[in-house]
Structure formats: C-alpha cells, structure tokens
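By letter and in written order, the chains are A, B, C and D; residue numbering begins at 1 in each of them.
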Amino acid sequence: MADIGVEVCGIRLKHPVMLASGILGISAETMKRAEEGGASAVITKSFSIEERAGHENPTIALFKHGILNSMGLPNPGARAMAKEIEKAKKMCRVPIIASVFGKDADEFVKACEIARDSGADAVEINLSCPHVPGTGMELGVDPNAVKEIVTEVKSCIDLPVFVKLTPNTHALQKIALMAVEGGADAIVAINTVRGMLINPMMKKPELSTIFGGYSGPGILPIGIYCVYTIYSAVGQSVPVIGVGGICRGMDAIQYFMAGASAVQVGSAVYYRGYSAFSEIANEIETFLENEGVNSIRDIIGIAVR
Amino acid sequence: MADIGVEVCGIRLKHPVMLASGILGISAETMKRAEEGGASAVITKSFSIEERAGHENPTIALFKHGILNSMGLPNPGARAMAKEIEKAKKMCRVPIIASVFGKDADEFVKACEIARDSGADAVEINLSCPHVPGTGMELGVDPNAVKEIVTEVKSCIDLPVFVKLTPNTHALQKIALMAVEGGADAIVAINTVRGMLINPMMKKPELSTIFGGYSGPGILPIGIYCVYTIYSAVGQSVPVIGVGGICRGMDAIQYFMAGASAVQVGSAVYYRGYSAFSEIANEIETFLENEGVNSIRDIIGIAVR
Amino acid sequence: MREVVEVLENNRVAKNVHTIRFRWKRDARPGQFVMVWIPGSGEVPLSLSYVGDIKGITVKVVGETTEKIARLKTGERFGIRGPYGNSYSYANKILVIAGGTGMCSLAPAIEMARVNYKVAFIKVFFGAKSAEDLFMLDRIEKFADALVIATEDGSLGKKGLITDFALPEIKKGFYDIVWTCGPEAMMIPIVKKCLAEGVNVEASLERYMKCAIGVCGSCAIGRFLVCKDGPVFDTKILSEIINGLGKVRSPSGRLIDYAEQS
Amino acid sequence: MREVVEVLENNRVAKNVHTIRFRWKRDARPGQFVMVWIPGSGEVPLSLSYVGDIKGITVKVVGETTEKIARLKTGERFGIRGPYGNSYSYANKILVIAGGTGMCSLAPAIEMARVNYKVAFIKVFFGAKSAEDLFMLDRIEKFADALVIATEDGSLGKKGLITDFALPEIKKGFYDIVWTCGPEAMMIPIVKKCLAEGVNVEASLERYMKCAIGVCGSCAIGRFLVCKDGPVFDTKILSEIINGLGKVRSPSGRLIDYAEQS
C-alpha cells in the first residue's frame, strides 16, 4: 500500500487532493458534499468583508479544452461565510481553509481575522483572480504588494497562510519569493489563466465581462510549469500546492513530480462529477503502487531535481 | 461574394491567413509549400545573425489540447536564411516576412538589415520566444527594451516592422504601447504560452529543456484575450495580427472580432495538414457570406466596441 | 462556445408570457432546462416547454432578459447551452400541480406521459392569479385526463389558490406520483402533504443560476445543486431539504427569503 | 504525452546493432518510424523493424542515444511516439536493395509482402561493410525468394559494394518496383538508374528530425518533409528531389553534405 497521506504546513491530509476555491465551497453543506466526494480538504469560495454579487451573467463559457468563468468573486460577505465555516467545522472532518480577498492589506487582514475566529484551519490569500478590478491578480502581480499583504496577514493571525498566485505574469518567481519573505506558509498555483471567447454568430464575447479566467484540462501544462518555476525559486522552504487542469491521477502526478506537495481540483467536478476527488486520489495511489513507490513524498519534485 | 482580402501595413493579402513563424518556413521550397497550402503570406522561421542548432531533442511534446515545443530557435544564420528568402521571393507570389531575433537592439538591427537586403517584404521582430535565455520573451517583457529595439530597427530599415509579443506577462498593454511608440507597424500576438509536461512513467519532463511553449487549440482563448487587450490599448493606430490556436475558420473569426486585422496559423498544420491555410480561409469566407457580411474589415473588433 | 439558434416563431400565450420555438438538434427530456443568452442583457435558465426536434421555451417577463427574450422576432437569434438537469419520473397515475410558469416544464412532461409512456391517468391542477395568466390549456386538455383550473380572482375555473383544490387530492393510494412546479409557497404545502401521506412527489425547483454546470454553488439547496442534481427533486431528497425550501440564494450567495428575491 | 513501453528482449543482431522488442498496441506498417525517447540522452527516429503486436526496433550504435537504446535491458522502459510517416507499396515482383541499417525498415516490408500480400517474387540485395554488420539473414531468407549478400571486405557473400551487384538487376520489364533503404551514397545511383530505366522505385530517406509531425521543417528535402511526406518516397517525388539527395540539414537547418553529418 502506497502512502498518499501528506502534511501541508502542519495540516495532515489523508491524501493530497483538495477542493479548489470557488467550486462548491459556498456553504457548509456543499463543503460537506465535497468531503463526501473525497476532497481531503476544502477551500471555501473566496470572500471579502462585504457582500459582493459578482458579475452579471453570462459568467461561464464552455469550450472543448476548458471552462472560462468571470464569476467576479460573488460572496455573501465574511460574516455570512464565517457562519458557514463554523457549521462546516462541525459537519466535516476534513480541514476547512478560508479563501479571502480584499482591495488592500487591511481588508485582507480583517477578512482573515473573521476567518480565524470562525475556526478555519488555514487561510488562502487570493492574489490571483483575473477578472475583478482592484483585487486578485491586480495586486498579485506586484511583488511588493504581495509581500506587504502577506506580512500584514501573518502578523495578525497565527494560522497557516496559503498564498494563491496567478499564472498571468512574467514575474512569478519574484512574486513567490516575496510571498515567502512575507511569511507565506504555502504557495498555491495557479488561479485561472486570462482568456476570452467570442461567439461568431452573435458577434459578442461569451462572457459579460468580455474576458475571464480559463480553467480545466487545457491549462494543465501552464499550471505544471508555474509549479515547477515556483518550486525552483522557493526550493523546499515552503510547500507548493498545485492546481489547474487536474482531471486524472496522472495529471496530479505531474504536479507532484514538478514540485507540488499537494493539489487542488476545481473544474474536474464538471468533467467527472462530485466524486472526482476520490477518483483522482485512487488513481494516484494506483500509480504509486504500480510503480513501487512507497510514499507520495518520494516523488515530489523528482522530475526537476 | 464576401471580400476576404486584407491590407496590413500596405501589404496586400488575398486573404488574412498567413503562415506563422517557425512552421515550415525554413527554406524557399517549404515556404512555397505553405503558399501552395494557401497561406496568404509566409513568415520565415526566426533567425539570428549566427547559426544556432537549437535545443536537444526531445523538443516536442504532444498532448490532447495542443503542442509543447522547445525548438530553441534553431536556424542556419541570417546569411543562409537571406538566400532562402531571395529564392522564395522568386518562387512565391505571396509576401515573405522575415522573422528575426537577437540578444540586443544591435543584433536585431543587423539581422533586419540582412533580411531587408534579401528582399523580404517586412520583418517580424520576435520578442516572445519563451524558451531561449537572453532573447525572445526575456527581452519582450521589458517595455523599455521593446521600445528601444523597435526604435533602432525602425531607424535603420524602411520595411514594415511587425512586433511579435508574448502572452506570458501582465504588462501586455504597456509592452504593446511601447512597441507602437517605437514605431511598430503591426503587433503580432501571441507566441507560445509557457508550459510543461512530465512523463509520469519516466519521471522526467517531456522536453529536454524542462519547459517549453504551448501552442495549438488549447491556447485559443488566451490568444483572443491578448489580441483584445492589445487592440484596446493601441486602438486603430496599428493593426494587430492574431495567432494562437487557430484551427478552423470560426477560430479566426473570433480573432477578427476581438480586433485582429489578419491572423497567422502554425500548429494547425499538424492538426489539418498543409492545406490548413486555404481551408481556414474558405471557412472564413463561407461564414461571412452566410452572415451577409461584405468584407472582413466590417467585423474587425466588432465584438469589443 | 454557445450554440446559436434562430426563432421560428414567437407566440404570446398569456399575459407577458411568450412561447418561442426554435430548431435545436439536442436530445432533451421534460424537466430539463437551458441557459438562454441575450448578449448585452444576460443569460437565464428556462425550462424547455417543448422537447421535440422543434424545441420551445415559454418565458414570463419579469425583468430585462426575459423581456428581451419575449420580444424576439422570427429569424432573430439567441445563444443557448444545455440541456441541463434531470427530468420527471413517469408512473401509472400522475397528479400534476402547476402554478403559473411552473407549467412550462410540466406541459411537455404531461405530453410525454401520455404519448410515450401511455400512463393510465393524469390529472392536472393549474393555478394562476387570473385567467390571463393561464396558458397551454388546449395542450393540457389534449393529453391529460382531467384539468382543474383555479384563479385567485376567479376569472377562470375555481376561485382561490390552486393548493386549496389540489391538496385534498393528495392521499395515499390513488396517485403513484405527484409532480409539482410553481412558486415555492405553493410547492411547500404540497411537498409536506405528500411526505406526510407517504405519496411519491417530485418538485421542480428554481434557484439563481450562474454556471448551470454544478460548479459555482449559486443554486445550492443544502448539499444539492439545483442545476446538477435537479431541478426535479424526488421524495427522498425533498424530505431532506424540506426545511431549506422557501430560502434562496441571492447572486452573492447569501440566503434570503424566496419572496425577497425580486 | 509520450507512451512508455517496456523492453521484452534485447538481442544483439550484428556488431553494434541491437533489436529491441516491446509490446505496443498501435497499428503500424513497414516503413513507418517512431521517435524513441531516452530521458537525459535524447529522442531519435527509428524505423519499426517489427510491426506486429510485439513491435521491434533495430538500432545501430552511432552516438549517445543509440548507445543507450542498444543497452536497454529487459524490463527497462523507454518513451515512444508515433508511428509516423508512410510505408512501402506492394507490387507483384519486388527488388529490394538494402544497405546496413537500411534493412531495419525493409525487413518487415519483405515479411509483409510475402505473408500478407503474397507477392510473386522478392529478390533482396543486402550489403554492408563486413559480415559482422549483417543481420536478420534468416528472416530475409525465410520470406524472400532470393538473397544476394555483398560485403566490402568480402567476409560474407560477394565482395564489393552492393550497388555493384544490384544495379545491373534494374532493368525495365522484370521488377514492378524497387525498394531501397540505406546510405544516401548507395541510394542515389539506384534511384537514378530506376528513373533512367523507367522502373518504379521507392527509397526510404533519413533526415535530422525534431518534431516528426511535419511542423518544424528540420527534415525538409525540397518541398517535402521526410517525417510527414516520407520517409518512403516514390518515383514521382524522387525524380523531383533527386538533385537534393546527398544534402541533409544539420540541427540548425543548414544544408550540409550527407557525409558531413556525423
């Protein structure tokens, strides 16, 4: 039996396949659903201090190689989400990680404090949403802003802090290093890739916001590259959590071999259904067993060392 | 009959589907082959003053949603390529555009001068190759370097200068604007997207260079987004030429509607064969006819205005 | 990429209610819905009111997008994706309770129950505010064995809420299944009665939808997603979520009262 | 993603020449090649020397990657993609002229000509430097009607270049087709003779390959790409490119003499 348990920043996971932020994690019950589907940890939908309705429909465009979304970070606000987290902590056995965003360090800190008080096991700082002005990747491509936000958050809460980065930059290594300097406990990559589709018959963009974020199988090589490049920069100082395009165990394996210590899965819920998590975890285990690998830890970064 | 003729920087093309750089354009005869396949213009393989062998094999990895390559800009050097261009100018009726690269403005200028002397109809400045240190996107993500190189090239040659940009940056609008300030006559986007694949069974990256550039259908929404964002920044001041993931007429139509005045096609040669160019051009024409659009010019940017 | 279809015809079928027919080569079952896109206005979920080769949607104008849809002219286009969601189950004796546009998804189910499943007995209760809000009566009469109409103002059929007349029909023994679709305030007592009497029930629910593909969580009721697990929920699930009915999520995801939503 | 296969057996078949057998579920025809990947060393094109369920490659050690391949042990793995390229055409009477590892792609073609196409007559000329460079003689004898061997040092068969003995065989009338694969210096006179005599000829060419999928241009001969349009070229194309033979592209794409390449 291959050991697929992992530990990320002191959080023990029975396997490395977590639920990515923005998928299902809107309520305690849907988080529970993800747990039932096998997720080893749940990242909540990203939330801000104040409620946000998000962008107008259409906020989704599907195409052969993935999904474009421009949800626009809808969320009922930190206080409402805190209640869901409290409830989720009672209902679920897996760790609950609160994803938060804001327009500056102060807002991040406040949202993180609310998350901490709700009992979240860790926070994930969303510095990477590609389709909301004034937050997300607009902050996340500025290495100084990243460092400042992470530093502030770390000085105010004592939970593990994951920092989620965008692939839409040429400065990823620098940004990751600054996040680590700021005290990040883990780097999560990637959020969606900026993308756009136009409907030729309607002569209009398929999303109300013109462009959005591209997720799903077509972004797999981009995510693997980003994890590799971050892993190369931050070395073993903090774990890298891989996300982007993972639909099968073999996709996750590539992330581990590129340096990821764990992975998150989002769009695969659409492609494989709610049991995507346990299916992918099983495929990882089967692969390791067939290959005679004892533990997932033995393959982390193995392809790039 | 819909008019699918376009004019880019004074160069008249019978339709908007050109051959992208790096595919086939290694010799006069292969350029001729692209013309026979219907390309309305041919961009040569990118070349430098000195010969380059490129990276070691494997330099290609295929996956479901596209192609990764790390050719490493192999080329026989500017003088050898100049001979091919001279020959191509005699053999072909379509414009021949020389793609050049170097490590600094000086090298770009020298390569461009050789290209001009060979009779090329225009030059394309490759500031976007994602897998060769010291050139390509390493220069192309620095707006000042972009401006300097373009300015120098423009001051030395009087051919139209296309500037080919990378999607792997958060500063694309700025870079495009600086290229225009430098005197660029057209912006070409996108070069390949940085990507990486690992072979789980071999525990090794699929490319000898670890990562490479992702092209083909999976990058379509990324290219469309980049063209839109460049078009939004540079307005109608210079034409934008769209490239990335175009396999069918409908893909090209999306580029036009996002603001492209013409398109280039590379990987589709693998997916559809050497007649990809005329097939795509026909599909564009059929679409325009079915939609009752008189001229392709009528749909440029129509989805984003 | 969304598919784009062309309007074959647009008929006003009741006050502010229009049926739009279009050719769309997709298999669909009654109960399923589509996301209809009107560029510049929005994208909204609508049940398929016709599921044959020439599909149909029947839309009530309640806001900007539904208004644009209701005004579509023959030859005009709209974007569409789907069909999404599940459908009703057929049984030998079916009781149907529809309120207002709830009939949109029930009408093709009634038709299919008769034509394809050749069920033994279908009785339909159809209620609305007023006569001018009722639609597809010919179609229902054609395929159902009995139709009971109720309007709140008494302008057609019985006067009162449809539940006043339909609830007493729900008794263990006669009907194999009850189908209901309509305002949640109407469906809650129906579902409760069915659960209490031990009668099989299927209710089609509406929630604010964004992705319609089961990822965004916008349409969540308890642990279920209306777009993916529904919109038709069966007795077992209904008994689990009954206390969650009457609450919906606003676009932000906040839980609000069903009545508050517009 | 490359497929990965496991070595079933590795047999030395001649000096520095090894045949590696492996199970690979892909349809392939003689003449086609695969890209064999040895991580850390490289990826090289190799003809399939066996095309059944248990495929085979037969590799001559000429550099780092071929050496690694030749040393693969049973149970070891390598990466593979393909099969790529086209294959030989069958005709009733076939003359085969092979030089050295040129036999790798010809041997399965000979086998298939006999077993599957049941052609009337196959005569094979096989030349090499020395007896120790020859391989698969049993296999060829089994399927060919006649086998003429020539070695430059005379250690087996006739002494001399294979062209000395094979060229006179090429005369209009008897053979329906001539297949040849080997060093370009050997194939050029053969192709020329065939063209002059008006005999159908197919030559399998080798060029430096990178992509093997027809995009990079590395393997271009004139307007043809060996990986996509070849590696087997027919009379018509050969007559077009005959003057380009003897020149190959270095990895940079520069044209150099065939002999210069290693």
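Just so it is clear, contacts are C-beta pairs under 8 Å (C-beta built on N, C-alpha and C of every residue); 3 or more make two chains touch, one makes a residue touch a chain.
Bear in mind the structure is a predicted one, so any value in this text is a computation, not a measurement.
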| item | value |
| --- | --- |
| Other chains in touch with both subunit A and subunit B | none |
| Required minimum of steps from subunit C to subunit D, each step between chains that touch | 3 |
| Most distant chain from subunit B by Cα centroid | C |
| Subunit A and subunit C, separation of their C-alpha mean positions in angstrom | 36 |
| Centre distance in Å when subunit A and subunit D are each reduced to the mean of their C-alpha atoms | 51 |
| Multi-chain contact residues (two or more partners), subunit A | 63, 197, 201, 203-204, 250 |
| Residues of subunit D engaged with two or more neighbouring chains | 1 |
| Category of the chain touch graph - line, ring, star, complete, other | line |
| Chain pairs that touch, as defined at the top of this document | A-B, A-C, B-D |
| Complex interface listing, subunit B residues touching subunit A | 63-66, 68, 137, 141, 166, 168-171, 193-198, 200-201, 203-205, 210-211, 214, 217-222, 224-225, 228-229, 250, 253-254, 257-258, 287, 291, 299, 302-304 |
| Touching residues on subunit A, where the partner in the complex is subunit C | 22-27, 29-30, 32-33, 36, 45, 51-54, 56-63, 67, 69, 71, 74-77, 80, 197, 199, 201-204, 206, 208, 266-267, 269-270, 274 |
| Subunit D residues within the subunit B interface of the complex | 1-2, 4, 35, 37, 39-40, 42-44, 77, 79, 81, 209-218, 220, 222-223, 225, 249-255 |
